[in-house]
Amino acid sequence: MIILMKTGCTKKQVDHVIAYLHEKGLGANLSVGKEATVIGVLGDKTGLNKEHIEVMDGVEKCVPIMHDYKLASREMVPEGRKVKVRDVVFGGPELVMIAGPCAVESEEQITQAALGVKAAGAKMLRGGAYKPRTSPYAFQGLEDEGYRLLRHAADAVGLPCISEVVDPQDLDVAAKYCDMVQVGARNMQNFRLLREIGRSGMPVLLKNGISSTVEEWLDAAEYILSEGNPNVVLCERGIRTFETATRNTLDVSAVPVVKERSSLPIIVDPSHAAGKRSLVTPLAMAGVAAGADGIIVEVHPNPKTAMSDAAQQLTLPDFQQFTQEVRKVAEAVGRIL
Amino acid sequence: MIILMKTGCTKKQVDHVIAYLHEKGLGANLSVGKEATVIGVLGDKTGLNKEHIEVMDGVEKCVPIMHDYKLASREMVPEGRKVKVRDVVFGGPELVMIAGPCAVESEEQITQAALGVKAAGAKMLRGGAYKPRTSPYAFQGLEDEGYRLLRHAADAVGLPCISEVVDPQDLDVAAKYCDMVQVGARNMQNFRLLREIGRSGMPVLLKNGISSTVEEWLDAAEYILSEGNPNVVLCERGIRTFETATRNTLDVSAVPVVKERSSLPIIVDPSHAAGKRSLVTPLAMAGVAAGADGIIVEVHPNPKTAMSDAAQQLTLPDFQQFTQEVRKVAEAVGRIL
Amino acid sequence: MIILMKTGCTKKQVDHVIAYLHEKGLGANLSVGKEATVIGVLGDKTGLNKEHIEVMDGVEKCVPIMHDYKLASREMVPEGRKVKVRDVVFGGPELVMIAGPCAVESEEQITQAALGVKAAGAKMLRGGAYKPRTSPYAFQGLEDEGYRLLRHAADAVGLPCISEVVDPQDLDVAAKYCDMVQVGARNMQNFRLLREIGRSGMPVLLKNGISSTVEEWLDAAEYILSEGNPNVVLCERGIRTFETATRNTLDVSAVPVVKERSSLPIIVDPSHAAGKRSLVTPLAMAGVAAGADGIIVEVHPNPKTAMSDAAQQLTLPDFQQFTQEVRKVAEAVGRIL
Amino acid sequence: MIILMKTGCTKKQVDHVIAYLHEKGLGANLSVGKEATVIGVLGDKTGLNKEHIEVMDGVEKCVPIMHDYKLASREMVPEGRKVKVRDVVFGGPELVMIAGPCAVESEEQITQAALGVKAAGAKMLRGGAYKPRTSPYAFQGLEDEGYRLLRHAADAVGLPCISEVVDPQDLDVAAKYCDMVQVGARNMQNFRLLREIGRSGMPVLLKNGISSTVEEWLDAAEYILSEGNPNVVLCERGIRTFETATRNTLDVSAVPVVKERSSLPIIVDPSHAAGKRSLVTPLAMAGVAAGADGIIVEVHPNPKTAMSDAAQQLTLPDFQQFTQEVRKVAEAVGRIL
């Protein structure tokens, strides 16, 4: 950390800051320039509260130069982490395709979806049981019954399955039925939920918040990792921008940025980013070209009757076409699909 | 709702949409223009899924013209709602001043804070027990013990008290110790928490998410109201913008916008918006001038030792000065402080 | 356009609006619903001022349902426009690669760059002469001499060249030396400049503003087209978001969105979006995978001495590697590079 | 400036950076910590290119700790600058009220407006002659004739007048007719225009860009000041956010932030920020409470016929009421209106 002193600060103020650092067991490196006086802090700053220093007399501001996350950092596992969910591996040469409906709506619907996506090459089945919805009057999911139907359909076709969990209290039942749990954008900073998932050890797909930075996202992942659970896969699902032509904006640059800074695998969700069927394929292709380790995409046997996100779900024939398009790009960048 | 058909849509496509509406018990009003064909939907659209229509052949898009929230709307209680917490009334002529430290840190600290803010005219004591923090390695609050110490200090000076609740599982203990609970920015769309608070009937201060719209905020309030709890006070606490000189940007226009659209009282939080002590007073004055029903402000007996948010907390003498400045504006706009 | 009346509006107010529309030669289609009264406007609305209606008594708001741009729309040229700059064609099967330094710095520098990028397969040479810089104390470009040196280097290797123009007064000299002019992000809404370029008929590369929507961008293109110049190529160069790990965020979804809504070719600028060399290749690949018609990329013979944007410019060997990587994706999506 | 070296950088890399600094006549202060190696740069960094350092081997990033603007800084004129336009003074005890229509539409309209706003206490007349509009098909202003009519009306009532200038070529005619020129949000970074205004010495009202930071705004002001023109007044006119209930979001915190960092006076524009008449008064009051030196507000004798911005312009009776409301807050904060 760097401490920038105010223009015109006194020697006494500088000495006070340095004494404070020494008291905390830290070293200080003083630079007195014509324009600015700067103190570099040396040593383990874990216990240091930056804000205490910022309120000292003569201090202009503190500039952190290191991120807070450690276990999620690239430095910790330079070769990259692999996350295994049954026989599916995130972070390896294979591009992992996760597909299925936005929400589990009925046994028939999820079973049809499972058969279709499996046939077209998906490696994991998705389906929402608890649906966080902006309005209390919108369909909120089949809840526990949704988890059960998803498991049933997944088993029928021999795929692992994933579903969102929105509250720590639901984690036990989600863990009973799902192979991997998903934390949605609205819960990226639901720290209690993150800690509980950390303790459970379950594989988790952690989506980014719609206005979070990559650093905040990796801090959120750190909550899970710091509880002893390394099975974290990140999922870029779009950020809120001023653009109105799309529901959200897929931040493809998050893929190479995460690859540089973190050891965690990262996949993209073109469906939520686009909010519109016709954009799903180009965005998936862009994500794969940028280096994503997989894709999660919404597929519904009959989107016209879907109880949520109808506009962005692919039909089963769409999905077949989709995998063919994506495969071309995957192969061009040396990935297997 | 308005349905805009695609340029060049066929009569058959239009008829199909209208038949679908009739099937749902709704009327349709067709406008065939040179540039566009538009269908106005008549009747109670509660059960209608906009997305089903958007995926029909020939449909360009659906434009909702009414908001989803009902109980939170101005129309429902045109004269405005009042929320009472013991003898404090939000939404009346009096400007409600809530003050106290970011986090409860010790019995001595919260007691000193309580004495000081009471003496300077605060009407409610605040203090965080569960602190959602970006990094898992930062101070997370005293948890249940924090609630207990807050209650104790509040009783000692005869003030009601408020504290944040971050998970439905903590609601019982929060309700035992606090007169009002707070839902923070990160939990504005934690729908499970909102519903549980709705069921509890407890007075609640609902902060806006950092990148939410007023409409999404009122939809979130509707989750609480729709469970039968009308005791909702909104709190504008700043939004994320590109500005780096402040932690967040206080959206003062949210105050008159909420007043127009909703019956709920609204207060402002200049401390979190500013993130910097020197900005707290002008922002509070701006909020009051714009029509806010109250202020929540961070005050600490010794910010230099505060375990969180040190840079933005006022000292007790600062707070006395602060109330005097704010009072001038309050009186200018006809409010009592 | 749809006119939404206020809840509780009177018949007299509705009649007044309809009479106003008739006076303007427009038809009206009235929908009286339980929740809302809506008037659909029929006919050519070109001369109609939406704001006049919004201030009428009883009117809640007007909802435009059509965009303002016409010549830039897809409907106008459904098969897509092609823009030809000497023998380079934007919008055809070939992916157009434009490369060169951020700024022209010297004869030697631009000549070396021209030789290098030509050898690696670039089809057009770029180089800035007028550099808009945030601070007045930063290097502002060689101005007219920069255009001259660029032309000279381009001719030496037989490539067409492009450079930015920042003011209508410079257009004549830019037109003398360049084959195509560029309008930068800061000037996307410099309408005088757009009109002058429109009148000149010169091929133009129009970048998006950092917080503009696609609709505003196409409106800006319409300024050029409406003066009789159809030679407009769009360039997505990143938008401002909350992410701090990149200079801007490349909005790859703008590529398929523009393809759906407009007939204009669109390319991407991974250099400005990323602001960092290591991200340039994955972002270019993503842009091509999403359907871009070309790429503009910053290449400098010696970035370590570059007078601007040093961190994001590729070296000549980098650029050779870059074209090989991009070519793989281009071929996967059926484009020639 | 602080140079952060990469984890694992070599001594040779560090020495190389230090040698480079010495070569540029700068000192270096090395801090070798367990986590990070940091080099503080000492001396006058005006000629130093941060990006050259960032591309050196072993360098992670450079962290600037000082802003680029100098003349616009608070340090330069700690007591604050005053800007005089005839007998109107910005930055003194009096709150400057500027009022008039969005656009000059006719002699009758601007004359009526002038009479009305003068009578209600305005100190300067505004009126647009060149109107930057998103669509080429919208009303673009009366151009030079607009300036002439504005002058005529202003003289008739004895007020100074202000109008926007959108291109350097128009500056001469604007200077002939106006007492102060305005640079709009879209031109905040039209550096050529800023320089020309700087050379002209004319008083100028510089609005912020809709997604600019305060630092970028002050850098833009520096362009004018650095040409020898100190007569710069800033105007906060709203920023683009995700909120849809307002046209833009008035950033009131920009007022105290500018007061801390800059010596320049600052006023607010509630009309453009709000985009809606009913919000203009509360936003103006908020701006004044936050410390603004004045207000610019749109007033039209008959908004129902206004050719632009009809929805946000006050009528003359509205404006009388408006000044009374604003005066109460002005007096509460010790300003004269």
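A few points about this structure:
Every chain is named by a letter (A, B, C and D) in the order it is written, and numbering of its residues begins at 1.
The working rule: a contact is a pair of C-beta atoms (placed from the backbone, for glycine too) under 8 Å apart; a residue touches a chain by one contact, two chains touch by 3 or more.
Keep in mind that this is a model prediction, so the values were computed, not measured.
Common neighbours of chain C and chain D, by the contact definition above: A, B. Farthest from chain D in terms of Cα centroid separation is A.
Homomeric contact chain A/chain B is classed as same-residue, with over half of its interface positions used by both copies. Rounded to a whole number, the gap between the C-alpha centres of chain A and chain C is 31 angstrom.
With centres taken as mean Cα positions, chain B sits 26 Å from chain A. Remark: chain A and chain D have CA centroids separated by 38 Å (rounded to whole angstrom). Those residues of chain B in touch with two or more other chains are numbered 211, 240, 242.
If you check the complex, the residues on chain C that touch chain B are 2, 4, 7, 27, 29-36, 38, 40-45, 63, 65-66, 75, 240, 242.
Chain D contributes residues 211-215, 239, 241-246, 249-257, 260-261, 273-274, 278-279, 282-283, 285-291, 328-329, 331-333 to its touches with chain B in the complex.
Across the interface of their complex, chain D is touched by residues 46, 49, 51-52, 54-56, 68-69, 132-138, 140, 166-169, 186-187, 189-192, 195, 210-211, 216, 219, 222-223, 226, 240, 277, 303-311 of chain C.
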